[in-house]
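Given below, in the form of structure tokens, are the structures.
Two complexes come next, and they have one chain in common, chain A, joined by chain B in the first and chain C in the second.
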Partner chain A sequence: MILLVGALADSLMAYICTCLIAKKADFIPMDARHYPEQLDLTWEREGDNLQGALRYGKREVAITDIRAVYLRQITFPNRAPQVDTAYHGVAFDNGLAWSLTALIDILPILVINRPYAIMSNMSKPYQQRIIAMSGFRTPRTLITTQPGDAAQFYKDCQGRVIYKSVSDQRSIVNRMTSEDLKRLEQVRCCPTQFQECIAGNEVRVHTVGKQVFASEIVTDAVDYRYAWMNDTECRIRGIELPDEIAERCVRLTTDLGLVISGIDLRKTPEGEYYCFEVNPTPGFNYYQAFTGQRIGEALVELLCNETS
Partner chain B sequence: MILLLGCLQDLCVRQSYQYLQQDEAEVSHMEVSRLLKDVGLCWSLPGPTTDGSFTIDGRQIPFSKLTGVLARFTLWEPMEMDPELSKEDHDYIFQEVTATVVGLLNALDCRVVNRPRLGQRYSPIYVHPNTMRNLDLCGFRLPDMIVTARLEQALSFYRRCNQRAYLGIASGLGIASGPLRWKQIEGKAGSDALQNALGPKPIYLQALPVGQRLQVFTIGQTLLAGGSSLSPTASEEAPLNQVELSCALQTRCLRLARILGLDFMQIHLVVPKDEEPYCIDIQELPDYGICNSSLQNCIVTALAGLLKTGAQEVRK
Partner chain C sequence: MLESQQCRKGPFILVEMRPYVGPHLEDHPPLDPNIPDDGLLEVARELMSERLQRQVKALDLLSSSAQTEIGFLHNEDIVWSILEGEAVLLDLETGLFFSLNQVGTLIWERCDGKHTFTEICAALCEAFDVAEEIVHDDLTKLIIYLKQERLIITSSHE
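After this line comes the complex of A and B, so read on.
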């Protein structure tokens, strides 16, 4: 049995369900928002043995019958948080999320991707160090709460600077302009990441196990994902990467403890590849809609291989 | 300069600060919660962070001046911000500051005790597969455990572990697991506590084997251990006295700390007579307030020594 964890309204979850139905695979698409009324989880470890049961709706399965997990997202029940400080000084409390992520972290089966591995994306500078160790070039970056330093960086980069979040929240890339220099005082209220613009085309690479799917994005938008907001054209086509770069992408994914990833690269006119970020829960259906690449099928194949 | 990153209400930060000041070491203190109010940060990537700096009390201090950092913060500490902010903006800034501090502590080239590792959760110990493997490698056993919201399952497990267990409310998704406070439950009173704790949320139960209970603190290559009594019914509340561990057990604990990459680690052990030790819990933010003052002093001295000399060792 394959366990899919994510919001049922998510188009990627729907797509994977469709693929699994076509393959007549046994699977449960589980939306954690149905907790606790329709969802219950008990698991225990005795020595080396892990056992327990998952009830979702009317179906109950033994933990040992789960052969593979695809974790898209753990969505939280929509209710006010209850804080119990009797045992914890922890300010947020979602027992199911904890229980489920802990279990998914340690299940001795294929998990795409494990929660602990997903977390490297929570801090871009943290991830950037791991990216740099893999051999990719990374852009010159400044993280600051000091307006003067941001202004100096803008000058040093001759005005070719973008800014974006340091964490994985509200991660929209914007081009810095001379107008922004007037509001740099705001960085005192929130650390901000500034990066030197790298000339070239965006390349999005999806790795699924050892398979690599690369797409080139041609657009004038600073953040191609939001090109439509500015009526800017965005063309995406499948490309082949040099073997060395493809291998590096697979190795980086593995180094981060991931099975699938969405890697943001930029190929310079000189043919060098810069790496900006590794997305551990990539929305690959957007890209395959343009390119016809069978990324989802490769993912489903991986999941099904574990059950056969 | 040594930087202590954490709240002065934290015993470890406060005592380290006092010790280092008395020792006339150059020491500065910074609270993450007041980072936006009092502190300025600037650093660049890729490459070394030596050209970055932080500004505290109007004084700019280059990162190259830092010889050691004691990092004692959790991801759920409240942060002082403009009260006019919307909840969404507050949460966003909170995430940004946390991501910045995590990135910076991993980029500094001086010794950082301990560098926060995203996704590495040590407590409860079973969470991370690497931690489980490493414990096994170092010769520690793990007590049986259960996570459930079902009363009958919880009671059945409790009976199977002879009505001696640790009870915890399953909660928290932070990267640094923070000071998880267990509640020891025993006998009939334990059953009642269990029933009271169960709600829609799952609870966590971990068997508490019979044996000598030890709290071991590793500080670099120094190991200090506290124990209360050989009696299995000894109170949890009594301050721990320093005890000597066998060479074999010392080696196992220090090896585990090295493998986990923790300069400062607390490991809670139960050592049954003539059997392999059980590892009950690991903390990357050790809480040595349970020790008597003499043992506390030894820990602070060792920690200060590590912070003072660590940088040279790392840079060599």
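After this line comes the complex of A and C, so read on.
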């Protein structure tokens, strides 16, 4: 049995469910919002031995019958009516997530991806350190709450600077302008990440096990994900990476403890590859819809191979 | 004092630059855990983009056992011609141009309703002296792409 963790409201979950049904695979698409009425989890560990059961609706499966897990998102449960204090609310909201992530972290089966490995994306500077060790170039970076330091960094980089969040909190990447210098005092409110601007084309790489799917994004937008906001054209097409770069992407994914990843690269006009980030829960359906790459199919194959 | 006044303006990364990412769960209550596969499939299809649905449909067709029987036809909104051995396509509905390389052109010319997937595959193997496995994969990719862009339609089973 394959356990999918996430909400079907997510189009990527919807896509994977569709593929698994087509393959007649045995799976449970588990939405944690059903806890506690329709979802129970109990397990015990003794040495390497794990025992327990998962109840989801009318179905109950032994932990040992779970052959593979795809973790997309742990949704927070619907709050029970009797839970009305803030303290108990937090315990209730997080309780299942703690138990579930702890179990998924140690299950001796294929897990895409383990929670501890996903955590590397919570801190971009930490991830950048691991990226740099893999051989990719990384941009010069400043994280600061000091307006003066941010101004100096802007000057040092000849005004070619972008800024974005430090954590996994999504922020639209922006190019810093002279107008922004006037409001630099605001960095005191929240540490902000500044990076030197790297010229070149965006390359998004998805790795699934040892398979590599690369797309080139051609756009004038600073953040191609939001090119539509400025009516800027954005074209995505599948490309082949040099073997060395493709192998490095697979190795980096493995080094981060991941099975699949979405890696943001930029290829400079000189042919160098910079790496900005590794996404441990990539929304690959956006890219495969444009390129026709069979990323989801590769993922589903990986999950199904564990049950055959 | 100055710092607290500045902080009233909020972080340097403005709120409109910090969009919510992920599904709007409040609009989608969790599905009944006991929902049968056909019900799940129906909901799943509604949630996928039209583009992705077309891809799934193409994948379904191409991975089916009836693959050898499938042929393809040019969409009637497409006008095309061959320039220096390469096909140039214009979608009259969207106004978009497409160009195909030599291999793509050979495939395009055989999307005439007379050739099946397997026959196109064999023609490519012969023309370019490449292993069938590689050709099969590349042909599948291009067919999915052409179907996604609505440049071709399936001439059987659809």
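To be clear about the criterion, the second predicted complex is superposed on the first by the 291 of 308 C-alpha atoms of A that agree within 3 Å, B and C clash if a C-alpha of one lies under 4 Å from a C-alpha of the other, contacts with A are read in each partner's own complex, and residues count from 1 in each chain.
In the analysis below, a residue touches a chain if its C-beta (ideal position, glycine included) is under 8 Å from a C-beta of that chain, and two chains touch if they have at least 3 such contacts.
Quantities reported herein were computed from a predicted structural model and do not represent experimental measurements.
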Q: Please indicate which partner A:105 is in contact with in the superposed arrangement: first for chain B, second for chain C, both, or neither.
A: first
Q: For A:19, select first, second, both or neither according to whether it touches chain B, chain C, the two together, or no partner.
A: second
Q.
Looking at A:62, would you say it contacts chain B, chain C, both, or neither? Reply first, second, both or neither.
A. neither
Q) A:218 contacts which: chain B (first), chain C (second), both, neither? A) neither
Q. When the two structures are overlaid on chain A, which partner does A:7 contact: first (chain B), second (chain C), both, or neither?
A. second
Q.
If we overlay the two complexes on their shared chain A, which of chain B and chain C does A:188 touch? Say first, second, both or neither.
A. both
Q. Taking the superposition as given, does A:199 touch the first partner, chain B, the second, chain C, both, or neither?
A. neither
Q) Is A:169 touching the first partner chain B, the second partner chain C, both, or neither of them? A) both
Q: List the residues of chain A that touch chain B in one complex and chain C in the other.
A: 165, 169-170, 188-190, 192
Q) In their complex, what parts of chain A are in touch with chain C? A) 7-11, 14-15, 17-19, 21-22, 28-31, 33-34, 38-39, 56-59, 73, 75, 78, 163-165, 169-172, 174, 180, 183-190, 192, 226, 238, 285, 288-294, 297
Q) Which of the residues in chain A come into contact with chain B in the complex? A) 36, 40-47, 52, 82, 84, 86-99, 101-103, 105-106, 114-120, 122-126, 128-129, 132, 138, 140-146, 149, 153, 165-170, 188-192, 257
**Q.** Touching residues on chain C, where the partner in the complex is chain A
**A.** 2-3, 6-7, 9-13, 17-25, 27-34, 37, 40-41, 43-45, 47-49, 51-52, 55-56, 59-60, 63, 140-142, 144-145, 148
**Q.** Parts of chain B lying in touch with chain A, wherever the complex brings them together
**A.** 36, 39-46, 55, 76, 78, 81-82, 91-93, 95-100, 102-104, 106-107, 118-121, 124, 126-129, 132, 142, 144-150, 153, 157, 167-175, 178-183, 197, 200-203
